[in-house]
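What follows is a set of structures for review.
Presented sequentially are two complexes of subunit A, the first with subunit B as partner and the second with subunit C.
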Partner chain A sequence: MQTDFQAEQAEDQPIVRCLLGMLGTDVHSKGIRTIAQLLREAGVEVIYLGEHNSVQGMARAAIDEDADLVGLSFSSAAYVEYTRQLVAEMKRIGADDIPVMLGGIIHPDDHQALYDMGVRGIFGAGSKTADIIAFVRSMGRPR
Partner chain B sequence: MNDQSTPIFGNLDELEVKLSRTKSWGGLETEASYGPADPQEPTYAKKLGDPGQFPFTRGAYPKMYRSRMWTLRNIVGYGAPEDTREGLEMVLASGGNGINIVVDPLTTQSIDPDHPAFGPEVGLEGCSLPTSRDIDRLLHGVDLSKVDTAWHWAAMAYPMVAAVHVMRGQPLATLQGSNMPDMLQETLCGWGERLVPTMLGHRTTVDEIEYSVRNSPRWALGMPQAYDLRERGLTPAGEIALGMAFINKTMEDLIERGLHVDEVAPSLAWVSTSDIDFFEEVAKFRALRRYWATTMRDRFGAQDARSMRLRIACHTSGKSLVYKQPLNNLTRTAIQGFAALCGGVQSLEACTFDEPVCVPTHEARDLAIRQQQILANEVGAARVADPLGGSWYVEALTDAVEAEAVAMLARIEQIGLLTAITNGTIERMMDEHNLLVQRELDEGERIMVGVNRFVPDEEPAPTRFTFDRTNTEKHVRRFIELKQTRDRTRWRDALRTVYAVARSGGNPIGPMIDAFVADASVAEVWGAVRVAHGYSYDPYNALEAPLDYAN
Partner chain C sequence: MGSLADAILAGDRRAAGRLISLAESRTSDARDELEILYRHGGHARTIGVTGPPGAGKSTLVDGLIARLRARGLTVAVAAVDPSSPYSRGAVLGDRVRMMRHADDAGVLVRSMATRGALGGLSAATGDAITIFDAMGFDIVIVETVGVGQSEVDIVGHTEAVLLLQTALGGDDVQAIKAGVLEIADIMVVNKKSAPGSDRMARFLRESLHDRPLRPDAWTIPVLLAEASEETGLDEVIDALFGRLDHNRQDTHMSAIRRRQAAAHLTALADVEIRTLMRRLIAGQTRPEAWQAVLERRSGPYSLAARLFEQLR
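Now for the complex of A and B:
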């Protein structure tokens, strides 16, 4: 399947720069590390910030790294509040044109609130690798 | 503080899971264990031995659960100490007989609840316990010399709980309970060098074990904490390999400090997991006990049978559980728990079926307890020691798991454990394992129900645990007030002693206990140790140290 994903990367598609990281004290990084590698193999340029980023640091990095997309992973129930803080901070520094996607343990009851904040993609437990890759690719911007 | 009147904690003996019957369900009488006609036959005696005999492959005790029933544990922790106390009382009322406490990520990382960056997380995934006073609130009326409290928490749990015992006027020698002093697993499982630098983490583990075995021999040490390592990304053989690498390095350092293996090993218990492959997990527990016994005797010169006889605490795998159709997780945890019992563990916690969704709901926790009661009373899981011993399949798998573990351990030790951690070898190994599993799932080579096959189309959103945050907010205000009203001179002197002892290369655990008695907080005490070793006070670099350590 690894080769299938690579084959799907068409010549004329823009290279997507995807910033991945975690906020707060959450240490459950297994999922995001695996996704980072699978995205890389699918031709995505992944900037992996790892665990324990501040909201300010993450928003700043989205601009500094010229990211097309910011991906966050949560396994802490504080994700609604942290996402709200991140979206507000990105707006404050003029990065609100960069889409945000979430992964991890995201309860369906919170989906609407997150979409209302401006979150573009939610990939909770049971999401398919192919769907995540397709979504990330669709977020590429012409440069 | 000496009020022992709260009745709910007083009758733990009556709540114990008990062996209700030695006959089969159909009425046939059974023996405590079964074995070959000639137990002296050399291959049997060397590789297996009867239960309770070296190398303990077949179990730690001759009669296993007939003589010592496993402890039915259930983890609890959310909100303020008052909230978690309420949860503990519900567990005990359902028939759980161990008090297992999970603290929130801030507390486990030695971050205080008034840290400017993490307000939304206080008490969310565990109980917030920044001071010894909070632990005293949680365990008000619980006699720490009689009731066994188990802390899912690394090195700081020990000095904080010890401080409560001291504040209550009790000698450390009578302190009971357990924690998981393994800090290296934290470095590897998402904490990273920023929160737990490898060298400081390892040193702190050695400090805690040394202090505990010298001063509170009844306190048990969950070491290695192999559960999180497995969850992070290891096979059963990998669990034995990396766990033994931790044990070997830690034991070597303790011996260098003048301790004998027989002073240390009897206090240790392996914190393990049980994943979904029933036979492979049974084989792992058996291979683990055999390899442990051989290592203690041959590598470290143990003479005391208690050093060679490994006790295992098991929590079923959280990672193996599936978000979709979460009630299927009751099937999974029942089989995982049964594997742990067939493998001869000493305590068992089953994940609740809603583990992939949220902190356990009260209903899910109740069902997790019932599950073990069904295993104990109906299934007959406790009746006979090592019920699968002698199965050609299980014996072959036991040998295969051990052989793979030994090869992997040799590779780690050739690099050197601490080097293999700091240079990223171990982390890469675990990432590669996870990637392999994900590829197999994506390709359909490995099938998980509800993940990549047999996925229900639509289902209602699962119920999740919620609780009122009022107590948590009050708890944070109370914490800030304590910092303003405590005896400042005593507090400052105590922290300076922690700093000075750590800086001079001594064991700071004793001074840490004193600092907790003087109302220092978890961030202040760990911060003093961090600064003494040249690290920033606050690992997140948002706070300055609250005092000048040197004057």
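Now for the complex of A and C:
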């Protein structure tokens, strides 16, 4: 059975699927829960992976879930290394075309290095919700 | 045409993910690919897991995957969570319970949002089963959204329906009122350390005992489990294999296959008809007709009748 679910939205507008999670030992999941909720309200399908994910598990999830982008949240200092590992793993399994976005406590000094690795969006502390949403929406592919 | 299907038949998980997304957005390209894949299927055994929100469905699926893998079987999961009817967005939170299998190539989990479907699944769930089946997965598990009293689409799509209950979710009257009781092939009272679990199981067994024999002569086991502690799951697996064995008898299998095809067909037709209706209401209803209803010179009844006339 179907409801009139899509009636108010343009039917050709793709629904963005965004993987959201934390890597390694990071344990500050309140931030990503808030983001998950906000993205849901903005019409995004969030595949919520929570904390303690492995780099391999996250990369494989991006493939199996046909994610339009991967969002990582960090609260520890090891984010440059973790991001490097994830990007390398995604490349190894042929998922390097899926954009990666970072959030959390990311020092401005590291931005360039992260962008150089291929990170597409960085939303540190103090980022505007509207900017995050606009970025995520812009990652939708035509169906 | 057929290039996605070819890749999927060769085991390409990226292509499989892509085609499920295409099926979810109901593009016509998806149809041709699925048509090819459907012809390669029919081998996977299908299990449905349903029950109220938070009963422990995903946790149980996680435990089942571990046990099925230990028997050397490959497992694909389609896990459905609800879309917001307002924003179309969703937080798909089933996979997070199954992350310990994330590195296992013998396991594929796909999260799906209902996207407006009301039966506890999404319109593309049947398509996901088609794809996993064609890829050669031995077992396909479908987890429904947290169900209330009427979301029973799972019955058509799978041959063994596991219904989770907990003693935390209301009293006996609610247990018998809930239409979902009629759909179970196996019942599991999960979170069994919660007070009232034994009583709940006893009550369910008694209610089932009083029911007439099912057409397929299957007797529904009622089990107790603590999915988060992996307690009672071996019994659940045994009951599942019992059910799958039972289904192997030709007469049962042909009934199940017919039911599956009908469920799939209904899901597909449903989307088409809704789309058609929407287009009719939005496009073909003349403004004067609307105006007449708004001013109560005529009613929505005659307007609806006229719209249906165009559908016939």
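Just so we're on the same page, the second predicted complex is superposed on the first by the 131 of 143 C-alpha atoms of A that agree within 3 Å, B and C clash if a C-alpha of one lies under 4 Å from a C-alpha of the other, contacts with A are read in each partner's own complex, and residues count from 1 in each chain.
The definition used in the following text is that contacts are C-beta pairs under 8 Å (C-beta built on N, C-alpha and C of every residue); 3 or more make two chains touch, one makes a residue touch a chain.
Keep in mind the model is a prediction, meaning the values are calculated, not measured.
Partners subunit B and subunit C, brought together by superposition on subunit A, fit side by side with no clash. In the superposition on chain A, no contact is made by A:120 with either subunit B or subunit C. Once the two complexes are overlaid on the shared chain, A:95 sits against subunit C while remaining clear of subunit B.
Once chain A of one complex is fitted onto chain A of the other, the partner contacts of A:109 are limited to subunit B, with no touch recorded for subunit C.
With both structures placed on the common chain, the touch criterion links A:30 to subunit B but leaves subunit C unconnected.
Once chain A of one complex is fitted onto chain A of the other, the partner contacts of A:81 are limited to subunit B, with no touch recorded for subunit C.
With both structures placed on the common chain, the touch criterion links A:129 to subunit B but leaves subunit C unconnected. By the touch criterion defined above, A:57 lies against subunit C but remains apart from subunit B after alignment on the C-alpha atoms of chain A. In the superposition on chain A, contact of A:43 is made with subunit C only, not with subunit B. The gap separating subunit B from subunit C at its narrowest, counted between C-alpha atoms of the superposed chains, is 7 angstrom. 1-2, 37, 50, 52, 54 are the residues of subunit A that lie in the contact sets of both subunit B and subunit C, per the superposition on chain A. Across the interface of their complex, subunit A is touched by residues 105-106, 109, 111, 117-118, 120-121, 124-125, 186, 189-192, 194-195, 231-233, 319, 322-324, 356-359, 431, 434-435, 438-439, 442-443, 450-452, 455, 461-462, 464, 540, 542 of subunit B.
Taken together, the subunit C residues at the contact with subunit A in this complex read 13-14, 16-18, 20-22, 24-25, 27, 83-93, 95-96, 99, 102-103, 108-111, 113, 115-119, 123, 153, 270-271, 274, 278, 282. Across the complex, subunit B is touched by residues 1-2, 24-30, 33-34, 37-38, 50-52, 54-55, 76-78, 81-82, 105, 107-109, 124-126, 128-130 of subunit A. Across the complex, subunit C is touched by residues 1-7, 9, 14-15, 17, 21, 36-37, 39-50, 52-54, 56-58, 60-61, 63-66, 94-95, 143 of subunit A.
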